[in-house]
Structures are given as C-alpha cells and as structure tokens.
Amino acid sequence: MPEPPRTLEGWYALHEFRRVEWARWKGLPIAERQAIVAEAREFWQAAEEHRDAPEGASAVYSVLGHKADLLFLHLRPTPDHLSALERAFARTRLADFTAETYSYFSVTELSFHEAQARGAMQNPMEIPFVKARLKPQMPDKRYLCFYPMNKRRGEHLNWYALPMEERQAMMREHGTTGQRYFRVVKQMITGSVGLDDWEWGVTLFADDPLQFKKLVYEMRFDEVSAKYAEFGPFLVGIRVRPEELDGVLNG
Amino acid sequence: MPEPPRTLEGWYALHEFRRVEWARWKGLPIAERQAIVAEAREFWQAAEEHRDAPEGASAVYSVLGHKADLLFLHLRPTPDHLSALERAFARTRLADFTAETYSYFSVTELSFHEAQARGAMQNPMEIPFVKARLKPQMPDKRYLCFYPMNKRRGEHLNWYALPMEERQAMMREHGTTGQRYFRVVKQMITGSVGLDDWEWGVTLFADDPLQFKKLVYEMRFDEVSAKYAEFGPFLVGIRVRPEELDGVLNG
Amino acid sequence: MPEPPRTLEGWYALHEFRRVEWARWKGLPIAERQAIVAEAREFWQAAEEHRDAPEGASAVYSVLGHKADLLFLHLRPTPDHLSALERAFARTRLADFTAETYSYFSVTELSFHEAQARGAMQNPMEIPFVKARLKPQMPDKRYLCFYPMNKRRGEHLNWYALPMEERQAMMREHGTTGQRYFRVVKQMITGSVGLDDWEWGVTLFADDPLQFKKLVYEMRFDEVSAKYAEFGPFLVGIRVRPEELDGVLNG
Amino acid sequence: MPEPPRTLEGWYALHEFRRVEWARWKGLPIAERQAIVAEAREFWQAAEEHRDAPEGASAVYSVLGHKADLLFLHLRPTPDHLSALERAFARTRLADFTAETYSYFSVTELSFHEAQARGAMQNPMEIPFVKARLKPQMPDKRYLCFYPMNKRRGEHLNWYALPMEERQAMMREHGTTGQRYFRVVKQMITGSVGLDDWEWGVTLFADDPLQFKKLVYEMRFDEVSAKYAEFGPFLVGIRVRPEELDGVLNG
Amino acid sequence: MPEPPRTLEGWYALHEFRRVEWARWKGLPIAERQAIVAEAREFWQAAEEHRDAPEGASAVYSVLGHKADLLFLHLRPTPDHLSALERAFARTRLADFTAETYSYFSVTELSFHEAQARGAMQNPMEIPFVKARLKPQMPDKRYLCFYPMNKRRGEHLNWYALPMEERQAMMREHGTTGQRYFRVVKQMITGSVGLDDWEWGVTLFADDPLQFKKLVYEMRFDEVSAKYAEFGPFLVGIRVRPEELDGVLNG
C-alpha cells in the first residue's frame, strides 16, 4: 500500500452559491428592498468581522452566469460555526429571495511535508507560512475562481496506487507552476475527502481574471493535472463589499 | 465463478434527507412555528424511543450545504416500519415545510466471516460484537458522515471477478485502517445491493469531524479503495436532539 | 456477426412511479380526501380486474425513499391499453396530488431457447411455463424490487460481440443462481430495447425483502453480471391492495 | 485522415416533446377545455397541411411514460419554419397547460453513396427513393419510436478513425438488417452533428410496436451497433390525428 | 512536461440562454407586453451599441428546441461589464418572464503562434487578423451555433501529454478544414479553462445553417477531433434584431 501523505488542517470552509429570484425581488417596493439589503449588509459586516466566532474570515462575490448570482464564502474553526452562519443567513429576509444552487464544504489543508520545509513543526500555527495557508485572511483581490477536483483513480492511471516519491515529484513540478503566478494569483487549497463530493476545493483570487485562465491552462500540462486531475464545475465571481450589496441588488 | 461472501443482516435503515423551505416556514407566525416544532419534537422523541416498533434506533442531524438541511435516520426491523415512519413524518405539519431531496434504503450488514471470527454462530445476535453491528444504537457522537459506494466492475479492474482470497486479503488490510480509527470514528456499514442505487451505505460517527477526512483519505490509499471503490455523494451533519429542533428551526 | 437470440413476447408493461404531494393533499378536508381515495380505489379495483382489456394484471405498491411514494404497475396486451390507463389515472382526482417521477415501458420476454426447452412451440401460450412468463399474474408477495439494466458494450468487454454459445453458457449459469431462489423470489423479465432507455427491466417479488439483496448480490458474482451487466436505479415497494389505499394516504 | 462520407440533406426536423399539466388542465370548465382543444386541433390541421410553408409534414403522437405526454413532430424546409411553428404553438392556449420536456433538432440525411446507387445525381430530388428519404411524408403507421445516437469515439474503438471502406462495409451489413424489416418498420434518419447534442436522430414507424424491439435488438448485434453505437433516450408514441386530440385530452 | 501553447486574449464573452415563460407572458394585456418589449428593445439597442462600455459587441438569437428560447450574447473588455449587463437585463421587466437555463463565460482566444504568423507582435491589436479574432464584431449572418468542448485527457489518448509539435500538426490539419468553410461559416473561438466547465466555447455563424452540420461533421474526421475532442451541448439560433423582438414575443 502506497503511504498516504500526512496533512495539516485549519479552518473549515463553506462556499455557498445562491441565485437571486429577481422577479419576486423586484416585486417589492424599493423602500422594503433597501431595508432588506440593510439587514443583509449588517449580516455581512458581522460575518466579515467573524463576530460569531473567535476567528475566521468571510467574503461575498457576485457570480457570472446561470449557476449562481452570489457566493457567500465563510472560513470558521468548526462546522458548527458554518452551519450556524448558513442558518443565520436563511433567517434574513434577503434569503427568502434567493435559492441555494450549489455549495461546497471543505477544510483548509497543507501537506505536512510542505509545512515541515518551512520550519519546526511543534507549533505549526506559529509559522507565518503555515498560518497563512490554514487560517487565511480573504485576499484583497477583485476576482475569485472556485472549482472542486479529484485525483484520478482510473483503471490504468491511478494516483492512489503510485509510490509516494512519484506523487511528490509531480506535486513539486505542479507547485513550481503555481509559484510562477505567486504575485498575481493567490490560492486557497481545501481538502474535502469525506466531507463533500470531490476530494479538493481550489479557490483562486486575482485582480486580473485572465490569470485564472493562464494559470489553470498552464497547469493542465503539468503531468499531475494532465494525467491525474478530474475537474468539477468552475465558477467565477467579483468581490462585493457589504456596502456594495445595495448596488448589486438594487442598482 | 468466484464465490460470493456470505453475510448476516440486521435492521433495515432509511436515511431521509430533507431541505427546509425557509421562506415559507418563516412566513408563519412564531406561535404556529413553535406548535409545529412541538409536534415534530414529539414525533422525534417517539421515534428515538422506537415506540412504533419493538426495537430500533433513530436520530436527527442538521446537514451542511445545499444538498439538505436535515437528515432523519431510522433503523427498524422491517421496511414496513421504515415506510410507516416516512409516511408518519409526512403527516406532521413540519413536513409541509420541507422537501425530501435524497434518501437511502439499506440494511445493516456483517460478513459471515467477520462474525464467525467473534464466536459461535448458532445465535449470532447473542454475540455482543455481532449485535452491535447489526442492531446498532445511535452512537453518542456529535457529527455524522454518510456516503454510498460501489465496488468497481471495470473492464480491467473488476472486484466481482477476483478470487475470494484476494478480496478477503484486501478487506483485511482495509479493516486494519478502520481499526486505527476505532476510538474516534464509529462505522455503520449497510448493504443495499438490490435495495438502492449503490451497493453499500457507509455511515460514520465522530466527535471530531476532521477524523472523517483523515479516515476516508487514509483508506483511499488502501488497495481495495484505490483500485476498486466508487463513491457517491458525501453528506455531513451535526446531531440534533429532539429538544434542539426548536433552536435549529426557530433559533 | 454473432447471432441474436430469438425471443417470445407477451404483455406490455408500464411501471409508473409517482410522488405524493403531501402538503397539498393534507390541505384538503378529510371528507374530500376520503372521496378522492374512494374514486382511486374504484379505479384500482377495475385495473386489477383489467376491466379495460380482455386480459392483463395490475398492482399498486408503496415505494420507500425520495424517488417515489407509489408504483402503479400494469401489464396489458397493447401499448394502447397502457396509454389509456395512464391517462385514465391522470383523470382521477388523486392524480392531481401526485407527480410522475419515473416510469418504465417494456414487454414481457422469454428466450425462444428457454421456451423450446419446455415443449413444442406451435402454440407457446398453451405451455403453462411460457404463459406464466409472458402473461404473468401479479404474484401474491408483499414486496417488489424493480431495476432496469443493460448488457455492457465496452471497448474490451462487449456482450454483443460474443459468440452465441458463450452468451448461452453464461446465461445458463445465471439461471442456476435464480433457480436457487425460485421459492422465495419470483422474477418478471421484460425487454425494453427500442422501447425505453435500458435494455431490460427486472421486477422481483418476495415476501422476505432480504431475499432481493441476497439474490442480486449472489448474481453479481455470476460471470454475466460481474463482467457484462450495467444497472439503473433500484426501487423497492410494499404491496398496497385497493382497500389499503386509504390507510396509506389518510392513515 | 479518413475521408468523411458525403451526404445529402432535405427537410429540417423538430421533435418537440411536451408534458401535459393535468391538474391545471382539469381545473378548467369542460367548455373551455373543448374550446382550447378546438383551437389546437385547428393548429394541427394547418400544420399537417403545412399551410405555413410550401412543403413539409407534421404529426402528433401521444407518448408513453413520464418523459412526455405528447410529441409534436415537424418537417420543414428551413429552421425558420420550425422556429415559427414552435412559437406559434406556444401562442395557443393549449401550450399554457403543457411544458416542453425534451426536443430534438436535426435534418433528414442520406449518404451520397446510397443516393448515387439509386440513379443519376444531377437532380437528386427527382429520384423517388431520394425524395422519400429527404422529404418524407408521415408514414400512415400507428406507432412511433424516437432515439438519438452517436458513433463511438472511444480510446480504442473509434468510428471516426476507421478507413472509409471499413465503415461502408459495416453500414452495408447494418442496412441489410434494416431491409429485413422494410415492410413492417419505416425509418427516418436525420443528422444532427452541429445541430443538437447527439449525431443522429432515428425515428421509426410501425403498426406493430413489437417490431421496434425486434429491429433494434437485432441491429444491436450488427458490428456497427455492437461496437460503435451509443444511444440516448428512447421514446415511444401512438399517432393522434387532429380529430382525436379531444379524446386524448378530455376523453 | 509538454510545453503549453501561448495564447492571446481579447474580449470576455457571455452566452446567456433564457427560456420564455409563455403562459405567464401571454397572461399580460397586449399593451403591457408591448411596453415591456419596447423597454427590452431599448436595452438591446444600447447593448448592441455597447453604450455601457468603450468597446464590445452584442446580439440576440432565437433558439430552437426546449433548451432555450433566446440567446443573449455579449462581448466586453471585462467580466465586470458582462456582470453588469447580466444584472441590467435582470432589471428589465422582460426578464421576469424568462428563466436563465444555461450560460457560458469565456474569453476570445488566439494562439500566439497563429498571431505571429500574421505579422509583428509588438502591437498585436493593430494587426487586422488578430483584432478580428480577439475583438470580433457580430457577423452579419442569420444563424448561430454554439457548443463548448474539451480536449480529451483519457487514460490512453491524452492531448495534454502530447509533444507540442504533434499538437500543432493536428491543429494545422484542423485549421485547413475550417478554412475550406471560410466563406460560409465564421468562427469565434473563446477559451474558458479556469472560467467555465469546458475548456473552449465555439460559436459559429452562417447564412446557411446546413453548413454547421457540414463543417462540424467534416471536422469530426480530423485526427484532433476524432481522437481528442469531447463535446458539450449544441444550441442553434436565428438572429433577432432589436426591432424584431416584438415579432418573436408578441407576433
């Protein structure tokens, strides 16, 4: 049996995608819509300041296309915090004019190997690199790209049947591609084996959305992606600050 | 023809996933919602005490993400008990504010081989290990993870075409991985060949939800999973005691 | 080109799965619900007595899980009878509180080879075995299991490219497994090539639902299933006599 | 590169499948329903007489099972005619009580090779065989079977990588099977590469619906089907003359 | 690692497919429908003139079949422009009578190699060929065909594992096929790796819709398509000028 990689985990993540039911929303008087947005803005300010939990991070994005209109992204220490946030939003009046179309539940992940390379591992959260990966603040970037993925377990090409050294060599090559984009694309890797339908979630942040295409396309030629990656849906969004919600919904 | 493994079965299981229609629910006056929750709580207390059947077990979980809000999990001696419970819940007023989004019908299963290793098989239910596997009480753990799975019947890798010794050797290795998590993750294995769309249901229980990820990820490197497992959706929930229903729905 | 097997066919079959819209149903006054059930009971008594056709058989089942609540199963000499029954039910008031979630259209089938082994083939319907397979009465069994299936046409394993003798040898082995369950599981095989999305429908009847699991699991190790079978959804139901409809819907 | 076959095309085809919303339909007073059916009957008489276009053909079928209740099948010289007919029906009152559940857009097709074998190709539409294939009248048969299909482009078995002679030899064998059913099953082959999700649509017409099963099953053993065919959904319907619409909807 | 091709990108594209809810639409008084169409026509005139952005192009198409009734196609310099247009349409009254059934988000793409062959690359947008590919005006053609596609990453046939020369040779052959249709079919290639669920979007424009079938079928025999292409849904539409909207919706 090939040895499984050891991993470190941090905050749990919930990506909650919602579609706005515009016809019903627009049927409300504008004063009522403004009151509803004010309540939602208050909810989001509290979430961004993680008033519901000792630590964490949250952000809203406006999503392109038919899959969703809004993404609510939360990072919190426990699933209980995420579940409470999901239900707390369901209790806002804005929620009544949206429907949850997709979601993803995962937890920030870093390979022990990668963490170890950055310093002593007695208190990993004291190593800035580790903390930034496991308890990441929301990057101050305008665009987000999210997609879930698996490593292939084909009848001939099977990631989970490869020796660890081979897997590590491919991951190193893959990391090199990512590093070339270090300044323009920030990555958040979350693990979801046993938590949701795919094995990992990848969340990218950039100020130039073209870099999502450039990075993911270049990576697709890495051996690990070319031969072993399976991809779920891709969703792209634009950051919405709490004070911009009114523009998005009533603008 | 490879010999099929002999199995013992116990209670039938129904995993019933439901989404709450929050907008309609919140449209009710709070007094009405409380009355509805009181009725549902009474229903669930009766279910947990299996007042509808001589034996059995039931529990409610609040589910993360868009796939469902609540999981109603029932174990009972016959499909008739499960069908009656499903319809009895449909008759509660709370049911009118939920929609069934997914379900799984299966029966607790133990390989004869494993049972035999634990003692004489004349009255298997008198062997505590066997009874705990086939007529399991709901573990007193905060988190649940459910997923259905198949063994692969690929054109090259075909579980059902392997000799029994090879299958048993792989299952033994797999069991060893499970045993390393024995204290932190409790497993309930249910068979569903001929009953539902996948061949097995796996229900895990833990107080630390990270252990779901650790266990399932480690197992994925076991030869039997790496080469022969196919997985359906993964759903994670948080235990809700009957007296906590009001907090979840009206909190 | 491998020779196609010759087959005999009998009655056409329609498996019609419907979900009850409980909230709307329960919104009716009980007297109205009882009147609606009385009309449906009358419809079902007439269907079971095939008053709409010179011969045939019908039965209702209550289905477990989210896929459906009721299965209406009809066997009739022509598709026209089935279409008329489908529309006749749509005209009952009960239909307005249900939605058709799945269906399967097929025709009872027996291999010419198997029929021939039972007697002279000039008037096959006069051979009791043949008639019981092609014009089967609804077995007096409490549980039903339905699933559609294909024979695999893979890039390497291709049922339709095997010589007839090889196919027949595998089918004989498969038949032997079925025969071991002869007393506890009754099978109805219907063909649906050119009629519906899978190639065959399998309908099993038993008084002990565990035998569905035992039979289908054991068969999965038969070479023909292990290597060449592809399965659709599995649905399990409990027989509902016309006079029991009120208990199921209003109980 | 293997040479692509040359083809001739004729009328465009739209298969439009619609489900009747029975509960809402039955909620109307019978007089209103009759008026609505009268309008629809008038629409269908005009369509069958292709009053909207210089040439073409149309027919209605009542479909078995949950996938649809009605099939509206149109053949016209241009997509514009089909689009206009689709919208014209949407404007009838009957349309408000139906929902479009599936459709298929394609164009009648004949291989140049097959056409050439029937005569000089300067004015192909003057050759009766060619005209009957490319501008077919609706056969006067009671039953219809529709399914879309692809030729496989597998990693090992790839139709599009075979030399033309090999493809032609397999198609000839396939044609022979079809010809054995010439008197009982009429075929309409439409191409949809670049027009809809599958590469071809197959529409069969017969007075004995069992012949659909016999023909498609026998063909499945032809090398071209056994190894290279991929099939979409199968739908079966019963011809409805305009004057029979009232019986189907109000009967 | 095979070298990834370098690409140039231009405008972002949003293909937004919407279904008309005819029953609700037709329920409005004709005067109201005309006012709503007038507002939508105004919206579309502004979009076609890209009054919301310094540059760009837009067009509306009426789509055949059940997948959609209308396609709104926008090209703009940034995702923000597309998101604003999507929301601006959602704010029109016509939007309340439509539902978004599908969409595609991508960006016009040209291989660096192809661009370079056309001239010096210091200011690529000054080369007419490059500008026409990356900032294309909507072709004055009556019909549109859209489909998304991937390059295969199979276990044996893997585009991303081929050496660049091999890929380039196959793409050259493929380009030759396209060029034979140069006068009758105009192509717009958009990349969507990292942006949407498939790797590319292909949008074809023609005055003779048969050429879509001819071109795509002929290309299917190109080695690159035969062995390495995977296709998503195909959608075909007919151009609707702003002044024709009334005819399509109220005609």
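By written order: A, B, C, D and E. Residues from 1 in each chain.
The rule is simple: a residue touches a chain if its C-beta (ideal position, glycine included) is under 8 Å from a C-beta of that chain, and two chains touch if they have at least 3 such contacts.
Not measured: the values here are computed from a predicted model.
Colleague: Superimpose the Cα atoms of subunit B on the matching ones in subunit C and note the rotation angle, 0 to 180, in steps of 5 degrees.
Modeller: About 70 degrees of rotation relates the two copies.
Colleague: Could you check if the interface between copies subunit C and subunit D is built from the same residues on both sides, meaning over half shared, or from different ones?
Modeller: Interface between subunit C and subunit D is built from largely different residues.
Colleague: How big is the gap, in whole Å, between where the Cα atoms of subunit A centre and where those of subunit E centre?
Modeller: A distance of 28 Å separates the two centres.
Colleague: Once you find the CA centre of subunit B and the CA centre of subunit E, what distance in Å lies between them?
Modeller: About 46 Å, centre to centre.
Colleague: Provide the list of subunit D residues touching at least two other chains, using ranges where the numbers run on.
Modeller: Subunit D, residues with two or more chain partners: 155-156.
Colleague: Specify the contact topology among the chains shown, as one of line, ring, star, complete or other.
Modeller: Shape = ring; chains linked end to end, path closes on itself.
Colleague: Name the ring's chains in order, please, starting from subunit A and stepping to subunit E first.
Modeller: The cyclic sequence of chains is A, E, D, C, B, beginning at subunit A and stepping to subunit E.
Colleague: Considering only the defined contacts, which subunit C positions touch subunit D in the complex?
Modeller: 1-4, 7, 9, 12, 14, 16-17, 78-80, 82-83, 86-87, 90-91, 95-97, 100-105, 107, 153, 155-156, 158, 160-161, 191-197
Colleague: Enumerate the contact residues on subunit C facing subunit B in the complex.
Modeller: 20, 22-23, 26, 62, 64-67, 143, 145, 147, 154-157, 173, 204, 209-210, 212-218, 220-223, 225-227, 229, 233-234, 236, 238, 248, 251
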